[in-house]
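Report on the structure given below.
Note that the chains take the letters A, B, C and D in the order they are written out, and that residue 1 is the start of every chain.
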Amino acid sequence: MGMVGGGQGAFIGAVHRIAAAIDGQIELVCGAFSSNAERSVASGAALFLPESRCYQSYEEMFQRESQLPEDQRMEFVAIVTPNHLHFPVAKMAFEYGFHVMSDKPATFDLNEALELEKLVTKHGRLYGLTHTYNGYPLVKQAKHMVESGELGNVVKVIAEYTQGWLASKDDEGGKQAAWRLDPKQAGISCCMGDIGVHAANLAEYVTGLEIANICSDLTATVAGRTLDDDGTVLLKFNNGAKGVLLSSQIQIGDENNLRIRVIGDKKAIEWQQIEPNTLWVKENGKPTQQVRTGVGEFCEAAQKAMRTPPGHPEGYLEAFANIYVNFADQISAFKAGETCDNQTFDVPGIREAIRGMAFIENVVAADKSDSKWQEFTILPSA
Amino acid sequence: MGMVGGGQGAFIGAVHRIAAAIDGQIELVCGAFSSNAERSVASGAALFLPESRCYQSYEEMFQRESQLPEDQRMEFVAIVTPNHLHFPVAKMAFEYGFHVMSDKPATFDLNEALELEKLVTKHGRLYGLTHTYNGYPLVKQAKHMVESGELGNVVKVIAEYTQGWLASKDDEGGKQAAWRLDPKQAGISCCMGDIGVHAANLAEYVTGLEIANICSDLTATVAGRTLDDDGTVLLKFNNGAKGVLLSSQIQIGDENNLRIRVIGDKKAIEWQQIEPNTLWVKENGKPTQQVRTGVGEFCEAAQKAMRTPPGHPEGYLEAFANIYVNFADQISAFKAGETCDNQTFDVPGIREAIRGMAFIENVVAADKSDSKWQEFTILPSA
Amino acid sequence: MGMVGGGQGAFIGAVHRIAAAIDGQIELVCGAFSSNAERSVASGAALFLPESRCYQSYEEMFQRESQLPEDQRMEFVAIVTPNHLHFPVAKMAFEYGFHVMSDKPATFDLNEALELEKLVTKHGRLYGLTHTYNGYPLVKQAKHMVESGELGNVVKVIAEYTQGWLASKDDEGGKQAAWRLDPKQAGISCCMGDIGVHAANLAEYVTGLEIANICSDLTATVAGRTLDDDGTVLLKFNNGAKGVLLSSQIQIGDENNLRIRVIGDKKAIEWQQIEPNTLWVKENGKPTQQVRTGVGEFCEAAQKAMRTPPGHPEGYLEAFANIYVNFADQISAFKAGETCDNQTFDVPGIREAIRGMAFIENVVAADKSDSKWQEFTILPSA
Amino acid sequence: MGMVGGGQGAFIGAVHRIAAAIDGQIELVCGAFSSNAERSVASGAALFLPESRCYQSYEEMFQRESQLPEDQRMEFVAIVTPNHLHFPVAKMAFEYGFHVMSDKPATFDLNEALELEKLVTKHGRLYGLTHTYNGYPLVKQAKHMVESGELGNVVKVIAEYTQGWLASKDDEGGKQAAWRLDPKQAGISCCMGDIGVHAANLAEYVTGLEIANICSDLTATVAGRTLDDDGTVLLKFNNGAKGVLLSSQIQIGDENNLRIRVIGDKKAIEWQQIEPNTLWVKENGKPTQQVRTGVGEFCEAAQKAMRTPPGHPEGYLEAFANIYVNFADQISAFKAGETCDNQTFDVPGIREAIRGMAFIENVVAADKSDSKWQEFTILPSA
């Protein structure tokens, strides 16, 4: 793979590289790691890349790589730039015939996402989106339990993603805080756009349902902020189930509390990202079951996502790697001319890109409305 | 004390008797334990009461007890009847000059609660309400931490009270289920009236705030039900803090999951009833603290509410007893002619009775509205 | 019941009174609460006892109570004096025809315990010993699971009872510390005598096995102590199972960490006193089961020991009450001339008294030996 | 790096490869992956290695690699063969001038380990041993807290490593079980050699102390076994602290329960591998602190070992990678002619190899002795 963004000191670029490397199926062969040509090249050198493939810009990278013999050029590009570049880089990658694995969010807004969907169709290249939390084995097992009917009909979903790191004025100094709170860089939402969307994605991924109606209440808790740092969204799903989504960046002391509860009319499940190797399965009148990675039997997707025996914890980087290794398999299928859609390979893609961007726009619009329930729509804005 | 209701086989009557007995300050001296005269007397006998004080009806009890010499007659009555009798029994108790400790809910509806308030004022007798969960020592400590400013300004509150025991049609057989789901016996709400109101009370008790606005979504999840078995309420408090209240009786596998998170701009706290001897205190960039009953220093109210040294768990019955023992102290102050209001003695009373009944009426009304936010009002219905 | 000891300010006396009161089957009718006659009477008054039954000494109490008409006199005595008086008070109680419920330890040493056994036989009165931890419902369920064979053959037992309160020199000031560290008052052991013996009792109670051989290593960790404040004992049980007993009063920060793991060749269980309403059941290749009080089906003894529905935690005082309520039933059987042995009524008694005192003497003797394994013997010392 | 062993289907080889790859500092360039020449080559191909560097035997690999230009040949070899080959492969690697990272155990017995030490000295090459559990960031922080005196004097250590996977006869079928239970392949111990030694290593690593005396009780629980599947070892450390080491493969339902408690006279700490991102810090009279990776301040070694922000769990593979990345730094120092001892680079090495093999021989010898305490010695056997 090649990489755009992720130069020295950038956190998420390193995560993508680790994730891609873990299973030995993907090799980083080139990159344009920074918008600063010099830093880009230096970053590539620090990663032991040959000088010839440390490019000064992503434009140069796509041009030059596309001219290499097929068995030498990169097969796909990982996009880990600032958000506003996700779309233009993906667009150009497609135009030069490369597949794309994009960091989240897919685009700057819904309009771009809808545009991107057309490009995916037009160019016929693969598009993956790192909705990392889908990569955890027990999330896949939870999804399987819903699909197989073990939970009965889903009647309620509670999804939380709460953090505390933006709890006060004093927390606004760092680079990570600055762009997220700036409408020009972050778009119309901070909290919902950054993390609420992960909770929504997880809820839809695990249940296989779609959010159909919402009632939204967003808050800019800390004085002086124009974007939300906290919010709660009431949900109705397309099967009639109710739900609640809680998201916050001001729940002081919370680390990265992504947690989901899915309640069926037979059983309920509960999972939290902070201790990802445990899945609680609940039933009335019976002991709660502590399902643990590696212990007992699992669906194929979960099993494929586990690397270690019982009691050897895997975490965030392995979940991330599971997105990448599935994408590698998807590319192999593409090359072999076999079925290669995202769903078959369990890779979040353009569908999730659009629903994610639509979620953000819907909750922001619903927050501004005085009436309670709003339909969840996917419409380009004027 | 005397008791009305709580005959053989009744669960909550036994709980009140244990709670009253634990600290050796209150003695059960008489009772009218059943609307069935024979069963009433038999129940009293089983409790080792002298025959002369096992009454056939509560009317008889009030009459006869009030004629006993002052140092022999009961001092207060514990009301543990079916809900619709709470008000008439309390009314008659006041008329005969007795104090009242009532099981929750205080009355059948808000109108009765407002009527009851007038009777409390008119007769000048003490009125306690067993909002049990206020009785836990670490709930009192949590309240103290908010009051003392340790948390900073409260900016968010998440209160949950979820159970699973009404998750299916098959769960409707029992006596406990039957009356709760019947509007004639339960009033306008099942889930919110039975348990949601506890979560609301706990939120107000711990924070010292009042719910000012709500947005409510109630659901009768199981087919055929006319009352809510699940609901979520968005909250605004009178200081501007936001909140969410989640309550459910269909969260299958949940026992009695009463849990509160109070987020301040300095620290946050988290407590759950199922493991009541632990209070989590969170702060950004610091280890979360596991505060445990008996370990370290506590406010006076919390300390008074602990009976055992560290590591000797206390539970629900002790929390219940804490309401009773405070009420006993309140009666002593009353007799001594000293200050004896409920707040001073940390005994839930007529204020909580009214806010509780108002909560139920407000969330039911708000659920029916199409507009998002409703003011929380305390108004007699026409 | 009458009480000897437990005057104002004494912790364990209050616990016994609460425990006896909880289920409304036992009434405190008299007492000799202190060796100081004046304090004894004042303590009785504070408990609302009639002056006539607040005695100046236990000798007086036994004499005077035994002269009351049978239906008025106390039926049994609760002994909550300092340890060295447990034996003489029990002895005199028997001589006057009263049953005895004694706080732990039963006697000052094994010789006295063997003597006591003779008195139990001679006088034919009932003798109970408050090995409180046996009173927890899930301990009874654990015992039942072993008995019923659900665990298969027991192959290993790990019992821990660790505290931190004697971790340093500075902790020696208080009254509780002083007598425990003084050989004249505490006998030959501090840590093992005070708490290790509870762990041993729990291991034998749950498994139904007897400790047959031991290898013991005791330590006086803090400089200047002559008695053990920490120790580990390797165990062999009479079925060949191995075990370990860890006990400590210097595990700084530990509250009252009594914990047991019983490993069978089919399943294993794990329970800890600090969170007593949960029992973990483990099996290879299956989810661990979280058994919770009130949820699902339980053996009769466990069911009888639960007072509240699921999710309403019970604790230490209720466990204590379970010993008392079983003792009340045992006395009723005695009076009715029915079978009334301790085992039938699940009341720890003289057998546990002797094994407990023998445990202390055996571990102290084994600690002094240079050879590894010692037989666990029950022999009067010369 | 090159690899010996770890062909297709071998678990631990894959773990080493992932661990080496994670941080992008180490590249797998060649291997002799199987004693079967054909399988060796096929395994290399599956790992995308060029045919020329998939060797048929490790002898061939050392010869041919040593003839490559210095900047092209492998720099070190990872040894992941069956245990009896660890020594001869390491020996030959040294003879050809390569550094060695060996899977655990270092050698088949203590004699070989002592021999290996001489080879390390003689050839002046680096030697690392994957005592993986040392790689967890909070283990390093724990070590730092002891070193810095935050715990005060260490007075007690409890180390456990218990599993359940060999609990019954039926579990003996698999390949993993077969060799471990076979004295010819496993040596003199199963449980202590396989996992007990990790607990011993962890205890010494965290405390900086050395085990000085032991009392050992090993058991072959399941009928027909000649090697231990369970054992408990009493410990005395060289500073006088006491300890207990519990290890088992028959604690049914236990996954990989490596857990350590270090008790100082000021504070105590507790950590368990199954939830490695939490470290509990205990103190008398204060709330227990839940230290979490990424939250707050850490010693340099711990900080270096964390890759992700708070709430993004890292696990076993990352701990493993921390050993590798430190080894890579150590090799860089070696090449630069700088200080490059194992301790400086926090890489377990020959010292740990010898103490580990000695631990096994000492506990087996002590188990056979009838006297209680044995000195922990490091002596070649006759």
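Quick notes on this structure:
The rule we apply is simple: a residue touches a chain if its C-beta (ideal position, glycine included) is under 8 Å from a C-beta of that chain, and two chains touch if they have at least 3 such contacts.
The chain lineup, named per UniProt: A, B, C, D = Oxidoreductase.
Source: prediction; values computed, not measured.
Across the assembly, the mean Cα position most removed from that of chain A (Oxidoreductase) is the one of C. C-beta contact counts were set side by side for B-D and C-D; C-D has more.
If you average the CA atoms of chain B (Oxidoreductase) and of chain C (Oxidoreductase), the two centres end up 35 Å from each other. Inter-chain centre distance (chain B (Oxidoreductase) to chain D (Oxidoreductase), centres taken as mean C-alpha positions): 56 Å. Centre-to-centre separation between chain C (Oxidoreductase) and chain D (Oxidoreductase), using Cα means, comes to 44 Å. Shared interface positions of chain A (Oxidoreductase), i.e. residues touching 2 or more other chains, are given as 165, 254, 281, 286, 288, 292, 295. Every residue of chain B (Oxidoreductase) that touches chain D (Oxidoreductase) in the complex is listed here, in rising order: 281, 285-292, 295-296. Those residues of chain D (Oxidoreductase) whose C-beta lies close enough to touch chain C (Oxidoreductase) in the complex are 155-156, 158, 164-165, 167-168, 171, 215, 217, 219, 221-222, 230, 232, 234, 242, 244, 246, 248, 250-254, 261, 263-268, 281-284, 286, 288, 369-373.
The part of chain D (Oxidoreductase) that touches chain A (Oxidoreductase) in the complex is made up of residues 11, 14-15, 17-18, 21-24, 27-28, 47-48, 163, 165, 254-257, 273-277, 292, 294-295, 307-318.
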